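There are two complexes below, and they share subunit A, which is joined by subunit B in the first and by subunit C in the second.
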Partner chain A sequence: MNTQTFLEKLQDELEEDNTLTLETKFKELENYDSMSVLSLIAFIDESFDKSLDTKHFKDISTVQELMELIGSENFED
Partner chain B sequence: MSDFFSLQDKTIVISGASSGIGKSCAELCAASGAKLILLGRDISKLESAFQEFKFKEKPLFLELDITSEDDVNQLSKTLIEKDIKISGFVHSAGLKHTLPLKNTGTKVLSESFTVNVFSGFYLARAFSQKKIKADNQSFVFISSIAGVVGEPANLAYSATKGALISGTKSLALELAKQKTRVNCVSPAMVNTPLSEKMFDNIGEEATKNILDKHPLGIGNPEDVAKSVVFLLSEGSSWITGTNLIVDGGYSAH
Partner chain C sequence: MINIAAIEHYLPEKVLTNSDLEKEFPEWNAAKINAKIGIDVRHVAGENETSLDLAFKACQKLFKNYDKSNIDFILFCTQSPDYFLPTTACMLQDKLELPKKTGALDFNLGCSGFVYGLALAKGLISIGLAKNVLLVTAETYSKFLDKEDKSNRSIFGDAAAVTIVEKDDSKADFQFSVGTDGSGFENLIVKNGASRFGKSDDATLFMNGPEIFNFTIENIPGLVEDTLSKNSLTMEDIDLFVFHQANSYMLNYLRKKCKIPEDKFVIDMKNSGNTVSATIPIALESALRNGKIKSGSKVLIAGFGVGYSWAAGIIEF
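Moving on to the complex of A and B:
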């Protein structure tokens, strides 16, 4: 998946009106809550076949950090 | 006084016996004198779960996919051939997805209903046949407090557990004339592999919230199994169609 597609899918998943960037901080998003984390876990599992749990989300704050957690090998660019 | 809570001379079938509540039910039923037939998808996992447990009479371990009607029909044939009469059945097999509504689609719903509900009803149908049922019979479905009260991110699981509670009532009425009692047990949180996985998923804060809601603390599988043994025994001979809530006070709020 390329980064742009990922950002768009992530925005869709989080139901955010504003475009996301690598620097976007999850906790500053309007709709971000514990349900969002569960939703992201399911999204990452489906898209990358990678199982995360909520503990992983405690240590990340930005989209960039989430991508690092998913692994650079999963991104084409 | 006779021992109303003994399961002596009763043959009890348990699904989902390899871990958690199902495993505890198997151990307590055996300790109460029952002969056991334990069902599992993976017989080696099932047998190794009981390696440490000393059975007076070794259970019959049967490998089958309880979500397959063909497999369950085959089980019926085997029981008839061996002339085994079933006195009790505990449906403890179950799975849980902790997901928000937006991630709950056909796959999650279908898998949840197939394992948690449909397989239990296939097995109940098999064991209620005249050629298989013992004179008095008791079925116990392991539901959940989530089938009674709501929890966020728990749509599929709570819907399946509610289905067991309502299905139980209809089955109880339909099978009463053949002396088959049908009941549910609805536990709140107990320490099982399923709950540990869930605690990992939902994080510390949500976990603490759940713990705080149990006045008697989180339960152990044996706490639930004791109620199951009661419902399987003659001690509950006038009880059918109920949902016995075993929740450490969770739903008293």
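Moving on to the complex of A and C:
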């Protein structure tokens, strides 16, 4: 997946009105709540067939860090 | 082999609505979260109301249309029993004034409990120990919830469901599929109050929701496939899929992942919440009432959660 598509899909999944960037911090998002983690899990499973160890979730603050956790091999650019 | 002859349920009178939660936690977007989990109302047992009490009331409703003298075995599934001992099923035998030759036992399972209960009932019927089993799935998780734990208070509701499983040789002999992964035991747990951590007033429930979601994504699609192939059936042979009603977001994702058409998939928890082992029979009962399940319908049921423990099976109505 390329980064732009990823950002758009992620925005959609998290039901955000504003465009996301690599620097966006999840906790600062308007609609981020306890259910958002479930959305992230579903999105990453569906798009990358990958299950994320939720222990790592609390260390993630930005979109960039989430992408690193998914693994750079999953991004084309 | 077996037939579900009757199902009833009882929900405690006291309710907790989304607006109640909003009032208690004004900083929290209860409306939005509850829209996502698909729950409007959950019922909460009164201070002196227990799983046994809820089960007894469900039985009273059941016996309006079912002759209790047929029952020869009680299987009682609960994780919130009245006492460590004695067995809740024994007290229920007495309360229901069932004969002393009635068999009775409790088993401790959560969301997989109803499906396990059917499998156990089938086993008891197969060995000739029972002909008509009263399967009780009754839970009062509210007693384990911290007042400040808004997430779990939004999700869990108290309830009792009672199901009559009878011997019926006109029905196909469908096989069950079960699974266990105890390595996840700490992700849904009431740690205090039992033997490991001793006496405590602080017996509160902890749930790692994201990890539970991961576990279901990993295991439930395979469980459905396994259950179908064990019974030489395909997706198309099944008229309705009734999964444990955990929350509607998780259910929708599992449905997509299992490639189950929307019109064959039940989401029915708006007015009772996640009632643990009672969700499947409550959903079955309402599907029977609204005609989604007809005579001859094949229904695939799947329960999964605390343990981790999971089980699935096929019921012919």
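We adopt the following convention: the second predicted complex is superposed on the first by the 76 of 77 C-alpha atoms of A that agree within 3 Å, B and C clash if a C-alpha of one lies under 4 Å from a C-alpha of the other, contacts with A are read in each partner's own complex, and residues count from 1 in each chain.
Keep in mind that, in the parts below, contacts are C-beta pairs under 8 Å (C-beta built on N, C-alpha and C of every residue); 3 or more make two chains touch, one makes a residue touch a chain.
Just so you know, these numbers come straight off a predicted model, no measurement behind them.
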item	value
Fit or clash - subunit C, subunit B, common subunit A	clash
First (subunit B), second (subunit C), both or neither touched by A:I41	both
Contacts of A:F75 with subunit B and subunit C, given as first, second, both or neither	neither
First (subunit B), second (subunit C), both or neither touched by A:T54	both
First (subunit B), second (subunit C), both or neither touched by A:Y32	neither
Residues on subunit A lying within both footprints (that of subunit B and that of subunit C)	34-35, 37-39, 41-42, 54, 57
Complex contact set, residues of subunit B against subunit A	98-100, 102-103, 152-153, 200-203, 205-206
Touching residues on subunit C, where the partner in the complex is subunit A	29, 32-33, 36-37, 151, 208-211, 213-214, 217-218, 249-250, 253, 256-257
Interface residues, subunit A side, partner subunit B - complex	34-35, 37-39, 41-43, 53-55, 57-58
Residues of subunit A touching subunit C in the complex	31, 33-35, 37-39, 41-42, 45-46, 51-52, 54, 57
